Each structure stands twice: as structure tokens, then as C-alpha cells.
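Each chain gets a letter, A, B, C and D, in the order it is written, and its residues are counted from 1.
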Amino acid sequence: MTDLIATRPKLAFRFDRWAPALLLAIALLAYVVIALYTGQTQYLTVDNLISVLGRSIALGITAVGQTFAILVASIDLSVASLISAVSVLTSVIMNGNPAMVLPAIAAALALGLVVGLVNGLIITRLEVNPLIATLGMSLIIQGCLSAFVSNFAGSVPPEFQVFAYGGFGSLSYSLIFLALLAVAAWFVLRHTRFGSDIYAVGGNKDAARVAGIKTARVTIGAHILCSLCAAMAGLYLASRLRSGAPWIGSDGVYDLESIAVVVIGGTILAGGRGGIWGTMAGVIIFSLIDSIFNLAGVDAFAKQVLRGIIIVAAVAFYAVRSKRLVA
Amino acid sequence: MTEQTLPHADRRKRQLPQINPVYFVLAALIVAIVVMNPAFAEPTGYMNFLKRAAPLAILAAGQLYVIVSGGFDLSVGSVITLVVVGSSILSNNDPNSTWWVIATMFAIGAGVGLINGLVVCYLKVPSLIATLGMMITLNGVAFMWSGGSPRGYLTDQFRFFGRVNISDLPLIRILPVALIVLIVLGFALYWLMHRTNLGRMIHAIGDNPRAANLAGVPVNRVRILAFIVSSLSAVAAGIMLGGFAGVSTDVGTGYELQAITAAVLGGAQLLGGRGSVPAAIAGALTLNAIFTLLNFLGLPQPIRQVVQGLILIAAVAVAMQRRKHTGR
Amino acid sequence: MSDTPVIAMAHISKSFPGVRALNDVSFACHAGQVHALVGENGAGKSTLIKILSGVYRPDAGNIVLNGANANFKHPVESLRAGISVIYQEFSLLPERTVAQNIFLGREPRKGLVLDHAAMRSETRRVLDLFGAGARVSPDALVADLDVATQQMVEIAKAISLDARVVVMDEPTAALNEAECEVLFATVDKLRERGTAIIYITHRMREVTRLADRVTVLKDGEVAAHFDTPPAPDAIVRAMVGRDIADYYAPPATQAEIGAPVLSVRNGGNAFLRHIDLDLRAGEIVGFAGIQGAGRVALAMALFGQVPFTTGTVTLNGANAAFANPRDAIRGGVGLLPGDRKAEALVLMQSVRDNGLLTARAFSPLVGTQKSNAHASLSSMDALLDQMQVKAASYEQDIKFLSGGNQQKAVVARWLALKPKVLIFVEPTRGIDVNAKAGIYHLMRDLARAGTAIMMISSDLPEVIGAADRIVVMRAGTIVAEFPHGAAETDLMLAATGETEVAA
Amino acid sequence: APNFDDPAEFARQKALLTTTPMGPADMPWEQYLVDGMKDTASFKKEGPYTVCFSNAGVNNPWRVVGFTDLQQEVALHPEIGELVHVDAEGSDDKQIADIDDLLAGGKCSILIVSPNTTAALTPAVEKACAVLPVIVFDRGVNTDCPVTFVHPVGGYGFGIQGAEFIAANVKKGANVLMLRILPGVDVLETRYSGGKHVLEDAGLNIVGAEFTDGDNAKTKSIVEDYLQRGTIDAVWMDAGATAVAAVEAFQDGGYPIPVFVGEDQQDYLQTWQANGMTAIAPTYPTYQWRTAIIAAVKTLKGEAVPSPEWILPQPAITMDTLDKFVNPKMPPLHYAMCGCEAMANYPTAWGGQ
């Protein structure tokens, strides 16, 4: 009788695949309408739209990684504290010295790699539920970090600040970086065996296994990518804030927000379905929401209320027609 | 089917139930604490401990309902905040307001649980996202309502449940009202989960919703009730926290994760099907005992976080291994 | 054809909690031969295959592949060793395309980059082998394919490996006659190429049509082995292992069959059309048909899970067009789903809880667990005892019980409510012979007690043996009706709509 | 890393505490402690002005009161056409983006920034300085490009005031418990180091310095634990939001309330008055939010403003001045040193009845 779940009337237009694009369009429309309505047409320039995109670079980079974790039917709550840790690590190692930029980057990525590996091992070998595993990891990282630093530590040399502040005209390097990262992620998911293995493991672990896929390795790989992205987000924030502090990850709520944008982007928590472009749409939607709130001068508290509702509404937007029983 | 004439099968050994490890851990921790600080063995010592642990214990017991039903409830922390802030505004220093204020808060709680449930059941939004959204929204609501900072005081009547100790009792000397509340609510939640049809059906829908549905279980109704119970327990926890500590705008922050941690320490199985109210309460006490111990050891906050993280992972890892061997 | 086997499995044993799935089974297969592996549901066929391919590790015994030890720890090893398997339960990813599924885990690459073009063309080539290329696009999502086509994709997936050993676990369960013939042709091709083929099926015609050797498994042991395919009845005897006579309960006498309880007139929905049906008190009606014929759909319609959108349903004269299972159950209709693990059992709960689930679902929410209007702990224990449910304790998690005992517990769930109509979907799937006999007798007892019974089964001998009346469905409607003990071939003809049967 | 133990700064602030302010008497928000004016003629503009305000957040009661002060101050200036307020919700990253947005909008006459953190916001502020006048207040930035940086004496001063009061009211060697909110926040760190120095120099015994996360429950628990282990003669706090919880720990445990250092929150002041405590309330005056607007308007009018720093007086509430500040009509966490009593919508705008 499971056929029912499998059997689905053939539809030329697969709504759930287009939902993210639709949501994005709606958000854009709202932005334009509000701008016109409040007579702030100066916000409708291309430059400004680009700067809107620039709002959530860190979230974007993190979300790219989170997409991998969720696609493989896992999840990563440790990104926020990893971001903090990396930002501090980099700015402490660099400590204003241009010569140390590369070593610092190397160290940051190394840290990301280790954290991802450990997350993956805990989840696959100890079979700990990913939510708990990464939540625990998050506490551990945050703890270790705050044990050493309690404030901005070290500093980032101007050479490295270029990453966040430099650019071609209004098109910042960081935005380009995010774009490239997204393309790279898309490439991995679409054009490499690892990519299709991720969909397989996320979609049906047993089927993947009998097809000869080493499912544990795939899960671990996804978590390594996820943590590497978080590390890069940490690097970006260090460059943008010119120094690292142990709270910048949690202040940005990058853990929950990255999950939110991925899900809004149409990647399902159950795994095996979704993709990077949906996530990007989700990120842009978040930026637009922020800008819209600023345009409309919504006060901070109302903002929160609306954000919460929007997140749920956006997910419901396509979840509502799924036959799945969710819990 | 009485006219069936099938021979009677009579081999049925009772398998002795294994005791949940959390109880041993808790006992060990208590011993350690007493060794560290004999004063803890004094009534004031352990009573204060229980008094502080009570809100989390109730919260964990409530969270367990959602976990066993197969979901998560991240909104409980924000419910706590809303309750404290809201009560302080509504009661504006009028002692007689206490009862209707408390009633209102439970009504609000029920409403929140209902919405969570409806969103999950009918909008098909995974509970993780649904309750995350609810968390963000309610925090916002609490802020909008109060304008960002508490607008009034909590009356002494309201704070009775969380603050007052009944003193001059024989042998235990003092008895915190909070402890009485914990015992009463704890038993109620135990009874509902482990002695009623609802409890068994919550287990069933967490275990296999499709099967439950085909067996005639009103899956949605049961799931919604689980969310409502969780929210109501959050209201109770909020009333006790506000009572214990007074008003502030960030009372609830972080409690959702602590509650889940406690439930997991109590051996609750994430994604549903298995869990015990007493064990979840023990889990909450264990968590508090750990913090108290680290306090006495004079360990700084960071170390506490690390320890909490390690314990969380270890607890689940161990549970998984046991499950693999015993098959449970 | 040399006589040194490509694969030799020796003294394999494997137990699952509560079940001894395999006990000292030895099995070999040779290049260029088809070795048929037959046996009752639950005999251990799939388990043996999964051990061969490294899905499970055996408790004892070892495997030799071309003289070399080959105790695989992971399916990838068996794939590398040239063993490809069509698993019984679908192993397709609904959200991926046909091509992506066929090349899952072994996508063709240019350097590090997947070669989508090659994947597509290769997929098309493989599908054309079945003349399926026309009806399946390599870019179609598997989710959008019907059951039979999905099965074709499964087969294509296995064939496209050019393996030395191809295992097919009930590959035709979902196929119609024409599709079967295509498959048989493919099998012949493979045989000529010198591929060794292990072919698992329940259908004797397929054995006679294809097999060079036959091994019969029964209750996890080798019951018989034939180096040349024997007459079907010999195999069946070996499979069932006892006289069919008392294997099935005796059919109902005219007297026992009462008035229509449930009647459908011109019922239809997305999956069904023009359903006219009467279920009578005291009668067991068997439903035969191939996958996708609509039997489960019909069951689901009667049970209110996916209701009829047209026509009328009456139960003892009263309207019985139920909108959901709860209404149906209240109205006196019960259903035992076909996929026990996915749709019937709450595995982490006790045997008792599983038995009491429905009774509790129809009692006050805050009522005590101990007893309710329909059942109590003691009455449930009595019921379970009566059905000889074998469990260390009724407090034990039901997941430790064998398939048959699990099934009995699910039956007990319904007995507690004394339904007027009880629908069994694949009631004996994956349960051992004696448990099966138990279920058949149980159904008969229920019928005698006045219940109208609907039995959906893909196991034709079962339908023929256990039912008083056999309804055959095809393409979502009822196409024929036969009395008790009709001939298997006639049923197949009606079920597949073919005019003549091969071999 | 910033240095929170700077003897020079300690001495400077210690001196400032006792300096007599310049400017209109009994309007401390217009007073300044250090002379040195900046000519702003170059910024002179015709009204109406669009004042843009990038706010770190209104995520705590102090900022809520302050922001109300600021809005009410705006109402006093008809020449201000519009106040554009963007709230970074406590995120550096977001505040940087917000400032970019404001600049892109290009309609601000002047930009007021209350930075979320000093280091992180510096580049954004520098960028803004290049196109329009900037006023910074509360926390500073590592650049003097802004017209001025409005702030009271500072953390050391806060710490000193409380600690000196304790030293004056307990015996040598008495047990002092120091309660801190959280590590890392510049203003709080300096308060602690300032207080610690004074207490140590006075030969008092600091039994512990604990972080409360500004959480009442935690505060109460910590104090209870300390009381289980020994006596406490004085409690020093780096912020008063949880002071009442700390007091309750003594009351509920049946201990006498020791010498207390809180802050100017109403609930604390009322508890203090009700129990006749020996206490003091150093302040970090919320009226600096008014000053920020005043500075902005002066600048746009081309009037000179104190610069590079506009250092405001930082009075503590003492047992003598207590009654003047207690007002049961105000909400618990209303900061009494708001300089707002005389404003039009007082008390309602601040949540009072």
C-alpha cells in the first residue's frame, strides 16, 4: 500500500520545485511595492539591490554548508559556535600581521575540517541523533572558546579586510565569493558522484547501501563541507568586524537561521530532496525581509513577530500539500 | 470469538524491567555533592536545590510528551518569558488579580500549544521549524507587549508558588511550595502519560504514525494534545520561575534546549515512541545536580558548557549502544 | 557449462530477534544456468540473498566465489565482485530520475565530472532491451512512474551492470504477462552470455519456464534440491512440506454463508472504477490480481483511507461511504494492512499495547489503560493466548516476535472490536508455514462467527485455498469471479488479461 | 585585545567623578566635564533635518528607557523633520549593513550611531564620516572622525563609586561578593576592574566574583549557594537589573541584608527604601540618549559642541538623594537617572502610570 506514497499524479509543473522561486518573487514584489509606497525610490537602484544581497553574506555561506548537512538527512547546530571560534582563531593568529593571513586561513579551515569530521563520526559511528550530536558539539566549542577569550581578540590586517570591504564598484568581493561558492556547491551536487551519493543517502539510506555506497563516508563528507563553510563564514565575519569575538556566531543566530533558509529554500528536513539554488533564494528572501523592515520602519519587536510567522508561512507554503505525515 | 477452540498457550515469563541508568547517575551526583559540601545534606541545602530544579523538571516532563509523539517543542522557552512578562503587566500590583491572571496564562499556553499542533498537523510544517517560528514570534510578542522591559511587578500571591518555603516543619524543617507543585504536576503528567489511553496513543503515533492512523488512532488530535501539554507545562514552569526570581524579559531563554537535554538524559528516544516522565524529571534533576556540582568545584561557566555538551552526547551514545545490544 | 559453481554458499545460518531466518543452508549456482530459489513467504530466500550480497552478515557459514572466499562486509564488495541483485523491496529513490537511479553509486564520469549524456543514452539503451525505452524517459522522476514501470527500472538497473551473477528476488511480482515475457527473454540472453542467475519466485510457471536447477527453502532450511526442474507439484509439496488438505481450513458450507453485509455499487475513485461488490457474513472473499490492479486501493476505499468518489456503499443497508478509517472502524469495518512493519505495528511498544491499540483509540482519552469498553488487559491476554501468540512475555516489545506472531497480535487488535467486515491485505506475507495455517484457520473461525472477510493476496495458491469466492481485479476494476478451488491458470489469465499462457 | 585595567584611565575617571560640570545647572544631560569645543559651522544646514539613528538594539531595559528619552528629546526639536531609526538587534554584522543602507538612502542630514561593539563598527563609522556628520554615543569607536562621542564618565567611575561606598561602610577584611553580568563587555569589564581595585586597596576580602548572565534565577541561586558556605557583609554588582533577586536571596534565607551596590532601577530603589538598606546606586545615566540628539541639532545648526568627547556627569544615587528618585508609578526596570521627569509625556511614555 506504500504505492500510494510512491504513486503521484504526473504533473508537468512540480510545484514544490518552484515554490522557492515563487517565494522569492513575492518577496521582491513586496520590496518594490513598499519602496514605491513609502516613496523611497532611491532604494530601487541596481546598486542598492546588490547591497541588499550583501546583507547576509555570512548567513549565505553558512547556509550553503547547512544545505549539504540537511540534504544527507542530518543537521548541524554547531555552525554558530564554530563561526565564533574561527573568527577568533583567525584574528588571533593574524593579529594585525599581513604575513600571517594565509596561516590563519589554513588554521581556520583545519578547525572546520576537524569539527565536521568529529560531528560526522559521532553521528555515524556512535549513531547519535544529529540534532543532539551537533548541539553537544556546539556547547563544547562555545565552552572551550569562552574559556580562552571573552572579548574581541587579535585583529585582522587591512590586507584581509579587503575580503569583506573590497570590491569592484558596488559589487563586493564577498558577494562574488558567495556566488562562486554557490556555483561550486551546485557543481558538486549536480556533477559529482559525491553529490548524487548525498541525495541517495539522504533519500533512502538502505537503497544507497545496497547500491554500494559507503553511507557513513557520505554523511561525514557532508558534515565536513558544512563545517568548512561555517569556517569560511567565520573568516568573512573576522574580516568584516576586523577582529573576532566569541559571541558573533550566536549573536547572528547562524545555526537556526541557516536551517530556516535552507528549509524555506525547499530542501526537506527528511533529506534527499532540495538544492543549493533554493537555499540561495531563501538567503535573498531573508535579506529582502530585513531591508523591507528597514524601509517600512518596522520596530524591532514587530520585526521578530513577523519573522517567526514568515518562516512558518514560507515552509507551510509548499509543505501543506505534501502527503507525508510530519512530526 | 469465544467459540474458537484453539488450545491455550501458557508460556509467558515476566521479563524484569531494567532500571533506567539516569537514576544511578543522579544518585552518584547527589553523593558527590554532599561529599563536596556537607551543608547540602541540610534541609535548606537540598530543599533549595529541589526548589530551583522544579521548573525545569516540569518543563522536561511536558517536553517529553512532544518528544515521545515524535516531535520537538522549541517554543517553551518563549512561553515562559511571555508568562512572566504578561503576568507582570496584567496583574499590575493587584493581589486579587493572581487567580484570573494565572488562568489567563494557562489559556494562552493552551492556545500556543494548539497553534503549534495545528501548524504541524495541517500545514505539515515539521515541528522543529513550526516551534522555532513560534519561539521567535512569542519572544517578539513578549517584547511588543512590554515595550522591551517589564511593565509591572509580580504580586507576592503570584510568586507564592515559586518563592515561598513552608517553614518550621518537623524533621525536614522547610518545604518549598515549588516542591509540592512539582510533586503534584509530576504525578499528573506521569499518570496521563503512563496510565491513560492518551499516553499509549502518544507512544503509538511517535512510534509509527501511519500504523496508528490505520489502527484508528486520531493521530492529529493526539499530536495536538501533546503540544498543548508541553505548552501548559511551560506556563507552569514560567509561573514558578517568575515566582522564584521575579520579573525580567529574558527568563525563558535557553530553557527549550535544557528541557530537551533533560528528557534525553532521562532516556527519551528522539523522533518518538519511547520515554518516561519520572526519568525525564530525574534527567532535569541530574542536569541541575551537574551544574551545582560544577559550582561547588568552582568551575567557570565555560567548563560547564563543555561538560553539558559531553554529557549530552555520551548519554545518547550510551543509550544507542544499549539499544543495539538489548535490541531495545 | 562447467560444473564448478560460480558461487557456493555453505552452511549459512542467520537469526533475527525472534526468528531463525536461515539454518545451515547450502546453495550454489553455476555459470550459464538459472537456479530457481523457491519457498513459502518467510522461508528465508531474501535473507539468503542479502547475505550473499553483503547486506547482512551470516551468523555462521561462508561463501566462495570462483574458488575465492567472498564473505562480503558491504554490498559494494559484492557489486565489485560482479554480483548484481534485484531486491524484493524496491531500492529506488523516488525523488531522483530514472537514469540517476539506474547508475546509482556507479555513475559514468569524465574525469571527476558525471557524464550525464552517457548516463542518459546508456539508460535508454538498457530500457530498450525491454521495449520499455518508449514508455520511460531517462529524465522522468521515479516518483511519477507506476509500480510496474518502477519494477522495470529495477531490472534495468541490475542488467546494466553486466554482472557475472544476477539475482532476481521476485522480479515479476509487479509485471503483466507481456512484460514478464520480455524479462524471460532477457534472462535467456544472460544465460547464453554465461551469466549465473539466481531467480526467486512464487510462480511455478516461471520455474518451469526458466530454471535449470531448483532449490526449495522451507522455514529457513533447504527442504529439497533438484538438479533438473521437476514437476511443479513436487516443488509445491516440498515448499508446503505437508498435506495441503488440512493446511487450509475447509471452505464454508452454503448454510454458513449469510446475507450481504457490505455492498458496493458502481464505486470509483482515482484508482478504481465501476466496483460492484457484495461481502457476505460468514464468507471469505479472496482478491487476486497483479500489482497495481487496485486491490489495495479497493481495500483503502472501503476502509475510508482513500474513499470512493462515486457510487454507493452500504453496510447492513445503512450508508457506509466512510470518509476516514475512524468512521469505518466505528461502522464495523476493520483492516489488516499488507506491510506489517510500515503500516500495522508500533514496533517499540509491547505485544499487549499493539493488541489493545484500536480498542484504546475508541475509548475516552483519559480512560485507564487497564480496561475499556472493548477490551481489558486480561481479555487481551486471553485473546493472545487463544491465538497461540508465542512471546517471552506480552510485555515484550513486539519487534522481537516473528512475523507470524506479530500478525496474530494485529489480528487480536481487531478481534477485540468484533468488526462486521474484516479486510486482510497480504495476511501471510513473510510468515512461516505454520503461522500461515494458523491465520487461515483464524480467518475461517472469524467467518464462522459471522464476520464478512475480504482477503487480498498476491499468493495465488493461498487465494485459491483459503477463499470461498475469488474476485479478480485488473486496472482498477473487477474483471472476473471464481468459486473456491478455481484453477491457478484461469486466475492468471483473468488477472493479466492475456489470452494464452506461455509454456 | 582591549585593556580593561588601565591605571591612567582609572585615575582620570576617579578625578572626573569629583569635577564640577560646566553647562546649565540641574540639566546634567547638557553639562560636560571636559572643556574643548568643536566648531561645526561647516555642517550648518537649513531645517527640517532628517536625523538618522543606527541603534545597536533596544534589547535591554536600559536601552529601552534611553531610546524613549531620545524619541522624547526629538519631539522637543521642531527643526527635526524626521527621525529614521534602524535597529541592528544586537548584531555587528547587521548594524554595519544598516549603516550602509542609510548611506545608500542618501536622505540623512546627520547620522547618530550607538555602536554594538567598538572595534567592529569603526570602519562603518569611518565610511559614514566621509559623507555626513556623525555623532557616536554610549560605546565608542576607534576613530575620532565623528563630530563628537557622547558618554558619561565611564566604567571605572561606576565601579569606584560603589566600591568606595562599601569600603566606607564595612570593617576591614569584611567579605564582599562581586556579581557580574557577563564577561567581555567593555563598560562592564571596566566597572569590575575599577571596583576590584578599590575593594582590594581597602583590604576587603572578595569571596568571589560570579557571572549571573543578568538572570534573576541564577543570581538568586548563586547568592543562596554563597550564603550556605559563609557570611557576606557586602554585595557589589556591575549592574542592578538583578539586584532585587540578590536581596531576596538574603530575605528568603532569613539573613540580614548586607551593604549593597545596585544601580538606578526603580525596583532596586524601592526595595532599598522599603528595607532601609545601607546601599548606593551608581548610574550609567540614560539621559545621554537625550544628549546625542542635542549634539546632533547643535551640529546641524552650526553651534559648537564639546569634542572630541562630550563627557557627561555620572552621579550616583545615595541614601540622601534616594527619596528624590523613588517613584512607585514607574516600571521595575525604569532607570531613574533618565533626566526625563520634566519631559512632556512623562511618565506614560516610559511605561509609568
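Here is the rule we go by: a contact is a pair of C-beta atoms (placed from the backbone, for glycine too) under 8 Å apart; a residue touches a chain by one contact, two chains touch by 3 or more.
These figures come from a predicted structure and were not determined experimentally.
Q: Going by average Cα coordinates, which chain is farthest removed from chain B?
A: Ranked by distance of C-alpha centres from chain B, the top chain is C.
Q: Could you please state the distance in Å, as a whole number, between where the Cα atoms of chain A are centred and where those of chain D are centred?
A: Result: the chain centres lie 36 Å from each other.
Q: Quick check: how many Å separate the C-alpha centres of chain B and chain C?
A: Spacing between the chain centres: roughly 44 Å.
Q: I'd like the Å distance between the centres of chain C and chain D, where a centre is the mean of that chain's Cα atoms.
A: Centre separation, chain C to chain D: 74 Å.
Q: Using the touch definition from the top, which residues of chain C touch two or more other chains?
A: In chain C, 337, 342-343 touch at least two other chains.
Q: Multi-chain contacts only, two chains or more: what residues does chain A have there?
A: Chain A, residues with two or more chain partners: 146, 300, 303.
Q: Provide the list of chain B residues touching at least two other chains, using ranges where the numbers run on.
A: 148, 210, 213, 301, in rising order.
Q: Among the chains present, which pairs are found to touch?
A: Every pair of chains in contact is listed here: A-B, A-C, A-D, B-C, B-D.
Q: Can you name the residues of chain B that touch chain A in the complex?
A: 69-72, 119-120, 122-130, 132-141, 143-144, 148, 205-206, 209-210, 213, 219, 223, 257, 264, 270-272, 300-310, 312-313, 316-317, 320-321, 324
Q: Which of the residues in chain A come into contact with chain C in the complex?
A: Against chain C, the touching part of chain A is residues 1-4, 6-10, 14, 190-193, 195-197, 199-200, 203-204, 206-214, 272-273.
Q: Contact residues on chain A for chain D in the complex?
A: Within the complex, chain A touches chain D at residues 40, 42-43, 47-48, 51, 54-55, 58, 146, 149-155, 161, 165, 237, 240-243, 245-248, 251-252, 290-291, 294, 297, 299-300, 303.
Q: Can you list the residues on chain D that touch chain B in the complex?
A: Its residues touching chain B are 58-61, 63-65, 211, 214-217, 219-222, 224-225, 228-229, 241-242, 244-245, 248, 252-253, 267, 331-334, 351, 353.
Q: Write out the stretch or stretches of chain B touching chain C in their complex.
A: 1, 3-4, 6-15, 192, 195-201, 203-204, 207-208, 210-218, 222, 225, 269, 273-274, 327-328
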